[in-house]
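Mind having a look at this structure? Questions to follow.
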Amino acid sequence: MDTTIDVKSFAPNGKQNGYNGKAKMINRKIKYESELSSDFKETIAELAHGEKLYGCIQCGTCSATCPVSHYMDYTPRKIIQMVREGFRDDVLKSSTVWLCASCYSCTVECPKGIKITDVMYALKREAISAGYFPKRFPTPVLAENFFAQVLNNGRNSEGPLLMKMYMKTNPFNALKNTMLAFRLWKTGRLTLKTEHTKDRKSLKKLLGSIDKQKEALAK
Amino acid sequence: MRYLYYPGCSLKSTGKSYEESLLAVFKALKMDVVEINDWNCCGATAYMAVDETKAFAIAARNLALAEEQFNKEEEIHVIAPCSACYMVLLKTKMFLEQNLAEKGRIKNALKESGLNYEGKVKIRHPLDVLVNDIGVKEIAKAVTHPLKGVKVASYYGCQTVRPYSTFDDQREPHTMDDITAAIGAESVDWPLKTRCCGASLTGTIDRVGLPLSFMILKEASKRRADVVSTSCPLCQFNLECYQDNMNKQFRNDIHIGVVYFSQLMGLALGIDPKTLGMNRLFVPPENVYKIMKGGEKVYV
Amino acid sequence: MPNPEKKEKKFEPKIVAFFCNWCTYTAADLAGVSRLKYAPNVRVIRIMCSGRVDPQFILQAFASGADGVLIGGCHPGDCHYSEGNYKMLRRFRLLQRVLKVLGIAEERCRLEWISASEGDKVKTVINDMVEKVRNLGPLSIPAKMSDIDEEIKELEKEINREEVPQHA
Amino acid sequence: MSNTNGNGTIKGITPRIGFYICHCGHNIAAMVDVEKVQKFVASLPGVVVSRDYKYMCSDPGQELVQKDIKELKLNRIVVASCSPLLHEHTFRRAVEKAGLNPFFFHMVNIRENVSWVTDNREQATAKANALARAAIQRVFFHKSLETKKVPINPDVLIVGGGIAGIHAALTIANAGKHVYLVEREPTIGGHMAMFDKTFPTLDCAACILTPKMSSVKNHPNITLWTYSEVEKVEGFVGNYKVNIKRKPRYVIEELCVGCMDCIDACIYKEAKYPDEFNQGLSKRKPIYIPFPQATPQVVLFDPETCIDFKSHRCKKTCIEACDRKAIDLKQVPEYKEINVGTVILATGFKTYDAEKSPQYGYKKFPNVFTSLEIERIVNASGPTNGEVLTKEGNIPKSVGIIHCVGSRDEKAHKWCSRVCCMYSLKLAHLIKEHTGAEVYNFYIDMRTPGKGYEEFYDKLMNEGVHFVRGRVAEVTDWALIPEEEHKLTIRVEDTLIGVVRRIPVDMVVLAVGMEPREDAQDIRRMFNISCSTEGFFLERHPKLAPVSTFTDGIFIAGGCQGPRDIPDSVAQAGAAAAEALSLISAGSIELEPNTASIIESFCSGCKSCIPLCPYSAISFNEGTKKAVINEALCKGCGTCVAACPSGSIIQNLFEDEQIFSEIDGLLKFAGIELEEMEVVNA
């Protein structure tokens, strides 16, 4: 939907009245109704347990109270409006949901009682199941690995978990943090041993049963 | 009253000194606290991002284990010191109360793994228990080495007071400051008590997470705090262990002790620093030690 | 001449409601003006005050085939006539015991305080009550009464039969 | 228990019923099959004619009924249309005009109770059928009744002396009727007296208000009781008995001329107690006058702070200073009892307590003010003589005005307070005028509906005031950059740009919303009226009876009914005055004849009804050993009727037989259930 036109193509020598062709692009932005998913808002409202998001007055309290909104490609307020209006792909591809640190400031401050953090969780799940999350973006990788580890061991082991995440996303980062890991190990705050519960079968059964019930429900 | 204790994964690794100091303080205050048998991970925030029902199920397993262990009690009080665990367990309990269909599914699944969940569990944060059950007066009575002159910046972080807990004000919490006062120290009035430390972002996307931690420490030292007191293992980890990275990245010289509130309590109760896990700190709270020995504090 | 097709439908309880003129009836009007949709099973009788509700009205409603009776009055302390709603509450408590003895489930007779501004409460109370009464199933006292009537007739016949030889 | 027999004759009366069902345009007809109901009712015993019509309440609709009454000799009329609370009177009058006693009429509510609340046409039609059938069965038992007329006492009580109460009082007094104006505070004037200018014309509030205040004081038809409170109200429309407590000022009002010599003479040379009128921003003495134009011009004592009340050891220099001997430190409360026919409640509103929104730092940071405080600060007779200064005494270089504080927020109040956008614009203008500061307005939505309001907004934009669309998350002293040091930083998303901004300012103004007064619930109970869910007094109809209440003779005006600005309050006050005057002019009011009476022959003399009556209308005749109901006192609640063990009390319009037949009709008719009847009729 966005077509990017290089300014250079308009100017014979790549320059146009002080316009630096390299830095400035003209972006065409338009959205056609047919590109939108009309049922997206219902899907998310159901996943996030609340239709309150329909009542958003776009006041921006969430964005202003968010500690990381200035890094997001869409502020949380915009995300709510985009969800309401069915901008499914743009929302699921955005960095916003992965930057949310779940600090719940927005949820507490929202004057309309929208559980914005839960909306973000719903969007994270939706993005993972739609395969939309950025491949080398650490947050979803961490989430997935964490999930797998708890599924297998019942507990999470911070050392091995972080190692895996760094290896999968940015091996350079792991090297950068070697010093930190060493100090943690020295103060007895890090083991590379895997933690686990004694009765691992019970947890497997529990999660297996959830799967079975979900399948039955789907049928 | 008897309490069950749910440590969570962090208190067994990076947050080891939180567990050590907290248990020592409980013991000093003569509280009856037992760890939940064979508990599992609460699921934290990451699990919620992948599968909600499963996230609630694994968290509910811990609640069921608590009921099994204290099956004779009318009301079971579970202390969850890690903010994330506390919030997740609380959320699970509330969610199951409101969504009966989901509760049914999870109860079925628990039954298949040989457990049952009735809903008798109350999730308590140690701050809640210490201030509301034990009381600041009792704590003050037990103090042998008051931390007179120590300026403490109480840092509650996000999930201790938000969004489900009701034991403290969500915007202007005061329980940790109450404890600070009870142990003879002085609270710093600052606006970042519940500002996010960056949580998992500090480890994953440090470009975003690190500045958040840095701003908190900078404000605390600007307001002349001798030490930052926390109630969350992740906050403590982010604020303390990344100080070198911060100083490198922001060309600064931040050097401020970040300890658990239970460690400060332990010092005031006269517990040996090693028992409190003070030796595990990267940045020992020098000013606190100096003041306790009657010396002059130094600001870097 | 019951229509066999209609019998197969979901059971639709019949609920008679007594709403006081000043609070609950006005609230029901407000629900209407606000276009709140709720279950059509409740039929309202307007009275001036919930204090006017005679326990006989409730019993008569059950006897005439109602599956539930709902009484709506002003909140305590808000009665247009000072305390008609208290008087109703006292009577209601007594009546509930009687209904228990008669084998009529507690959920079938309900007293609710709904003020003039609580249009949405009219909706939630009615929907909730209809759902609960639907789960309880039909009360059908008239049918039971006619069964009893039949039984009594049969008994009378038997008695008469037994008595006949004695007189003969 | 069916009361009909085969041919529809009861106890020898042969009812001839006319039934009319209204389409109400599409309002009813879209959800109820009116033709089906009409045909169904036609088949019921006793029904002579059954018709459906587009608008029954219209003149042709009413004429239809009247024609049928005359031509078909109808003696019972049932109309199925909207709520009886809306049109019962209309139809009763129509029936009466046609020569039939109006109480042979009954109304079925198939709009508010059926078509508007049901989304299934078949079920809605069945419900309408049942309700219609119940009404047909009910009217069999209707009787001819006479209405009772009660005279209206022409005196009026007005509670609250703000702009609404003042305007209503003057309107009624100018019409030649007597008004008692009761005000709780020591002076009339209310919130308006505190304002500096009024929007959008920027008239000086005091200049337009004080002439009205003194007219109230000097009007021969107005009895003004300030520093007084209503304690008890009894009676009903036309004749209310009201008890009023006049709190002691410790100054004899009739003697005091307001020279204020006593204030100068007070042994406190410096004023040291927070001045209520100036929102605590200035100080007053224990003996004071609220503000220079206070009406009446009478000083008063604050016993909480006066030394003599605390220790009885003051030199009482004030008493010596008063040459009119007006000071009486032994004054006690005075109690008045008055009789009035109508009441206007204009008890006003309260501003939202900004401390309940801690994120804005009110009371935490000294330079965060509420809008009411700023009104006083910009006022030339205010605490700073009109100079806008920070607490440090500097002229602010930048000021942030935060809209919607306590409004549009589920944690505070859900409603829009209607006036804040406009007064924020006004304050922005005044602050800019006084200081030349950069002024920022932080708004969620700008609401300027009113004559000249949008033009005012336009003017402000051209004056260079900043408008940032976004709700402020936080006011903080947390400085991130040197420019923010020693300032208050406002953190907000500029939602029109989509960027979070941090704006350092010297002064913050919180545009607090309007909420009900704390004691609104007590007042409501005292006057037997209702409140809406928000806690404001509830009007009888939001559109058609905006100043009436459900209690006849009690009217409401101004901020007590909901957030509103001065012009709207004045308009409402005028409307309330006109409503009261119209009752007074009529001289009397007709009451519903729904009173109770005793059938002596049935009464067993058990006396159980006597304590039940809240109006003491029931007494016991020791001679006959029977209870007696005084119909003049009976208000028609029917509580005694329901409690009478011998069934000897009947309530007109709600007789046992009428209700029993209605119950019966709702469920079955002559022993036949509705579904079966439909099959029979099909």
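Think of it as A, B, C and D in the order they're written, each chain with its own count starting at 1.
As a working rule, contacts are C-beta pairs under 8 Å (C-beta built on N, C-alpha and C of every residue); 3 or more make two chains touch, one makes a residue touch a chain.
Here the structure is a predicted model, which means the values were calculated and not measured.
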| item | value |
| --- | --- |
| Interface with more contacting C-beta pairs, comparing B-D to A-D | A-D |
| Computed distance of Cα centres, chain C from chain A, in Å | 54 |
| Distance between chain centroids, defined by C-alpha means - chain A, chain D (Å) | 50 |
| Chain A-chain B separation of Cα centroids, rounded to whole Å | 25 |
| Chain D residues counted as touching two or more neighbouring chains | 359, 474 |
| Topology of the chain contact graph, where touching chains are joined (line, ring, star, complete, other) | other |
| Touching pairs among all chains present in the structure | A-B, A-D, B-D, C-D |
| Residue ranges of chain C touching chain D (in the complex, touch as defined) | 1-3, 6, 12, 14, 16, 21-23, 25-26, 28-29, 31-33, 35-38, 40, 43-49, 51-57, 60-61, 63-66, 77-78, 80-84, 87-88, 91, 115-118, 123, 142 |
| Interface residues, chain A side, partner chain B - complex | 47, 49, 67-68, 71, 99, 101-105, 107-108, 115, 117, 121, 124-125, 128, 138-140, 142-144, 146-147, 150, 154-159, 162, 165, 169, 173, 179-180, 183-184, 187-191, 195, 197-199, 201-203, 205-210, 213-214 |
| Sites on chain D touched by chain B in the complex | 358-359, 474, 476-478, 480 |
| In the complex, chain D residues that touch chain C | 1, 83-85, 109, 111-114, 116-120, 123-124, 126-127, 130-131, 134, 525, 528, 530-533, 538, 550-551, 594, 612, 614, 635-639, 641-643, 651, 654, 656, 659-660, 662-664, 666-668, 673, 675-676, 679-680 |
| Of all residues in chain A, those that touch chain D in their complex | 57-61, 63-66, 69-70, 74-75, 77-78, 109, 111-113 |
